[in-house]
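Order as written gives the chain letters A, B, C, D and E; numbering starts at 1 within each chain.
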Amino acid sequence: DEISITQWGASLYGAPFAVGIENGDFKKAGIDITGIIGSAGGGTSVRNILASQTPYGEVATAAALAAARQGLDIVIVNTATHTVAESTLVTMPNSPVKTLKDLVGQKIAITSPKSTSEMVFLMELKQLGIDASKIQRVASGGYTQGLTMLENGAVSAAVLIEPLSIIRKDNYRTVVRAKDMLPAMTTSVGITTREFAKAHPEKIRAIIAGRQLAVQQIYADPRGAAQLVAKQFNMSPELAEVAVGNMIAPRMWTEGGFDKAELDRIAEGLKLVGELNALPDWDHLIDASFLPDDLKASQ
Amino acid sequence: MKHRSLVTAGVVLALALALEVGCRAGLVARTVILPPSEVAASLYDLLRSGEYTSAILATLGNIAISAAISIVGGFISGLIIHASRFLRAGLEPFLASYYAVPTFIFYPVFIVLFGVGSAAIIAIAVLMGVVAMITATLHGLDHLPRVLTRTAHVLRLSPLKTALLVQLPATAPYLFTGMRLAIAYAFIGVIASEFILAGDGLGYAIAYAYNNFENRTMYALMLLIVLAVTAVNAVLDHFDRRLQSRLRR
Amino acid sequence: MIAPSRTLHPVEPLPEPRVAAARLTGVTRIYSTGKKSLHALGPIDLDLIKGEFFSVVGPSGCGKSTLLDVLSGLAPPTDGSAEFEGKPIAGVPEGVGVVFQEDASFPWLTVEANVAFGLRRAGVDGAEIARRVDYALGFMGLRDFKKAYPAQLSGGMRQRVCIARTLVLQPRMILLDEPFGALDQQTRLLMGDELLRLWRETHATVMLITHSLDEATMLSDRVGVMSARPGLFIETIDTGWAKDRDSRIVADPRFGEISGRIWERLRVETMKHMQRSERAAGA
Amino acid sequence: MRKIFPPLTIALAVLVGWQVLSATSGAHAVGSPLETMRMLLHMMATSHFWLDAAETGAAFVWSLALSILCGSLIGVALGVSRASGEVFEPILVTFYALPKVTLYPLVLLAFGLGMSAKVAFGVMHALVPITLMTRNAVSQLKPVYWRTAKTLGLGPAAAVRHVVFPAIMPELVAAVRIGFSLSLLGVLIGEMFASKRGLGYAAINAMGLGDITTIMAIGIFLAAVAIAINIGLLTIESAVRHAPAAR
Amino acid sequence: MIAPSRTLHPVEPLPEPRVAAARLTGVTRIYSTGKKSLHALGPIDLDLIKGEFFSVVGPSGCGKSTLLDVLSGLAPPTDGSAEFEGKPIAGVPEGVGVVFQEDASFPWLTVEANVAFGLRRAGVDGAEIARRVDYALGFMGLRDFKKAYPAQLSGGMRQRVCIARTLVLQPRMILLDEPFGALDQQTRLLMGDELLRLWRETHATVMLITHSLDEATMLSDRVGVMSARPGLFIETIDTGWAKDRDSRIVADPRFGEISGRIWERLRVETMKHMQRSERAAGA
């Protein structure tokens, strides 16, 4: 079976699948995952999932909500990650900007309007009680483009994400790390179609179970996991080790269970950027019946 | 001619109608394509709301600037290259292969060189369009009948007047073909750049709508671009026909 | 074909015979491209007599157009000297008009604007331009088409536009390089009639390059026959026609005699030329 | 020798310009020509790179083959039947001028992801110009060829096969040349959006990491391949033209 | 220009006079495009006598090519009947060869392959093709260029290729539509000599459409003069030349007489045609 994982190979969202495939966790759980369809993220990932033979995949929570809102036949069956810890805000080393407060009246680069990068930034401002309208947000089109703007002096700070921030850590000074400020929230989820869930519940169960094994494995042996990730992602082992290591403390990956508070937190964030105007009807969107029994309880 | 364009319009209308019926009858899923009438209605709402006005203006502005730079720059470069045997011989093989290279791949390099925003987008659109204009200019000058220049001599015109009053109008049909291509490339270059890597403009708005499953908005914006291209094309076509019928022999 | 209402050119007394309008002495022209050089023409000695109609015939590539280039000042001779009205030719001299074989009308201008083009550039004042253009249009039977663009006209009409554009500048010597080369023979004969009329009316010296024996025979006072490249005049034939001839003289028995004589000389030269170019293609 | 000297000089000038650019454009900017070459050689030593190249190549070959086949047949049909040609030409011309990226979502929705979408995108770019160029070639065929075919006793089918096709061959090769570069562009842009394989994806991935040297290396590789194929096609084109090269 | 080593055509006795090779009776042709219809030709009655050389002259647009279309079976008459060798013409009849004004050589084939093209399509066997092609190439002086492509040849040579391509099919009637229209007059006269040689050698019936009075006069047994559109034969002139004539007869006094006579008839028609098209352009 082939499934879809957002940002596969480019960010660490998919690490459990890399580990699980290498370790044989999925086979143990009763499903053979032969390939991963990667995609740029967002709506593309959801559409990929809908178009594939085994319509299961992990996508950003925002994308899942947007798809559901537009009437696509999807259901959330597990959580995947619950941190924005990989996000940072950087500036040039010699810049006078030391804290978020110093940014008032300045410009900062985000990737695009309503993106995760904007959401994280606004949540950070809210946390500190800074009026968001006093800081001008400029859409750069992407993280690297934002850095270019920063270097050219077009903005005073730029949002950044791992692993890019690890590769370039010597060139910039970090102003804030999201993990220091923001609590856990459900940033990505596993989805499938209701139709497929009804037809092949055992496959969904197996995927979730296999993934749970892999997540436990990552936390048990981060270094070993990093090697496996490096292999699957075609990444340098050193980089993988740092990247995985950074995500152990904030416990980036969930085992799959739902947490109402974390779900609501992401919804609040999405409201902040205008993606949502009310809290979603989680009960309708979520089907927790495919979770292993030990996780069902946590709801 | 009138008759033919009526038939053409009829064909387009019939296709739209077939799509409409197909959608309404549920043969095509709503999540894939919307009925044309709904797209048109959505476009109307969207234009009235003014929500996308700034994006539209930004994109059209970039297209206009890129086209202008390509046309003027390409024409002047063409003149220079035509005048210099060495440049001509040196550049000819590259010009012939130019459009085989997917220029697009080099976009990030432009970001580094020109910074983020309009400049990089315009740079890539110009890069795509300018060569078409250069080629057209060279082509036009090559096809300039020698007898016209000789006539200018016989009428004792100065070199400058010869260029302005004889060579320029005589090459106009070729230059116009180059202009059309440059404009088409400006559209493609700008919208594609916005689509892939920008945070603003129509291309970005379409990508955004796509990512958020807002099919109504997405198709409305796509229709807007199709209409804009068709309109520009029709206007250019009109002038082209006049020019060609008068000047080509 | 409307007769002109009043003439544009002052009624001059006919010139004294044997006054040279243009004179070539030992003119040679050699084209050199890179290392190769090609002896195209000469050495030629030629007097064009004021007011005469002189035709040049010769196999293709023999240097006829090159001769015209020298006379019109479009290209200097490699050797020898060229004079127009006693002054050495350097650049296109004032008073010389040229009509080419290829259609040289400007397709972006109306017939009227085409004809006026040269006058405008010369800075002639508006009323005078209007008068002269109207005369030339009338003379060439173009008045009904003055608002038309060249693309709307037949090849013959376009060539008339070019002749009118030259005529309007009141040239004292007109050089024509196969002006009717692209027309069919019957239209050519009729255009020839108009050329004769033009020549009679303007008193200009005319040199006509042509491939057509009929045209040369019927139009000229003198016909110069050139050899294959490098072009030399191998014979000059006096036709002795009256000044008011027209195309009907093709039925004159002397017509066949003259054109037969020209063809006799030319046949050998043309075959020389053909054999030469066949050798080149076969190689 | 004389013919090769000017292009070499120009190429050298470009290299020097590139070197200067890379020297002045700061830390993470453009890699020097040497660095780029080294990166390219390094990449070409990995199996990964060739997997990507093969993926792109396959999509490209499919889309080009489909475009040529359909384009030339439709083009001949539209050229032979003047009326239908005149009716459809404006539609095709407008489609040709359209920025096809705009329609990418539609392609994704219709074809899903992967090979078929990439091929569809390549075809969308290449089919129309090949069709238009073929139609033009056929409709501008000298009428005397048709008449000659008839007087030599050829029926319509034989005339198309033995006269029309050979007669438009140079234009057809030129059309293939244009179609080739456009379908490559189409496939690459396709890969840039949503795919985990192919050179287009490799480039966009490097773009995300800000790795300009890799992008340049991929770009140079593609450019080299494209130029080589283009020169090959140009050679074929002038060979089937059987005319001395234009001055 | 190498004389053929052996002849390809059976030595036939000269045909009895007045045997019609082709016969047109009341042939009319009307083109209708949309609502407009244009009466291009006729009604025409014409017998082409077996073995004769018949030329057609007429102002441009008078329907000469239309006449050829009917005779060659490329287009049916709107009215009247057309026969070749006693059988009604429907489609291009076997035994009829056509040469057009435009260069119809196939640029993608060598001279040799061009000449062999018709034979190949007709499925003639290889040895026979080789024999016939070699003969035709030799006859037309093309043997040295058989490996060349048309683009490497001059216009005259290309027209020879087309003639050879027709000749090789051993036509009993050859129709030529201004075959030398694109050549200059001197080359035309020489090509005319070859056409005469071809005609004598093959005993074919030849109909030549031409604009050139010289060509018509020099080549033909009979010259048909057509009126302006709709084309009708207003006069048919018997030249009475000997069968072994060549271009040198242009010096014959009777030559001028005949072409003068043709021109007399044609001049009026040509002027009619020109005035008509001028009216059309002016409107």
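A few remarks follow.
Criterion: contacts are C-beta pairs under 8 Å (C-beta built on N, C-alpha and C of every residue); 3 or more make two chains touch, one makes a residue touch a chain.
Worth saying up front: this structure is predicted, and the values here are computed from it rather than measured.
Considering every other chain in turn, none proves to be in contact with both chain D and chain E. Under the touch definition stated at the top, chain A and chain B share these contacting partners: D.
Simply put, of B-C and B-D, more C-beta pairs touch at B-D. The distance from the centre of chain B to the centre of chain E, each centre being the mean of the chain's C-alpha atoms, comes to 51 Å. Averaged Cα coordinates give chain A a centre that lies 38 Å from the centre of chain D.
Taking each chain's centre as the average of its CA atoms, chain C and chain E sit 33 Å apart.
Contact with two or more other chains is made by residues 26, 28, 108-109, 193, 204, 207, 210 of chain D.
Looking at chain E, residues 152 sit in touch with two or more other chains.
Residue positions 31, 108, 112, 197, 210 of chain B are each in touch with at least two other chains.
Every pair of chains that touch is listed here: A-B, A-D, B-C, B-D, C-E, D-E.
For chain A in complex with chain D, the residues that touch the partner chain are 8-10, 36-40, 44, 47-48, 51-52, 142-144, 147, 151, 163-164, 167-168, 171, 234. Note for the complex: chain C touches chain B at residues 72, 74, 91-92, 94, 96-98, 100-104, 106-108, 117-118, 121-122, 149-151.
Contacts from chain E toward chain C in the complex involve residues 59-60, 141, 144-145, 148, 152-154, 156-157, 181, 184-187, 189-190, 211-214, 247-248, 250-253, 255-257, 259-261, 263-264, 266-267, 270-271, 274, 277-278, 281-282.
Chain B makes touch with chain C in their complex at residues 145-148, 150-151, 153-157, 161, 165-166, 169-170, 172, 245-249. By the touch criterion given at the top, residues 142, 144-145, 147-148, 150-154, 158, 162-163, 166-167, 169, 240-244 of chain D touch chain E in their complex.
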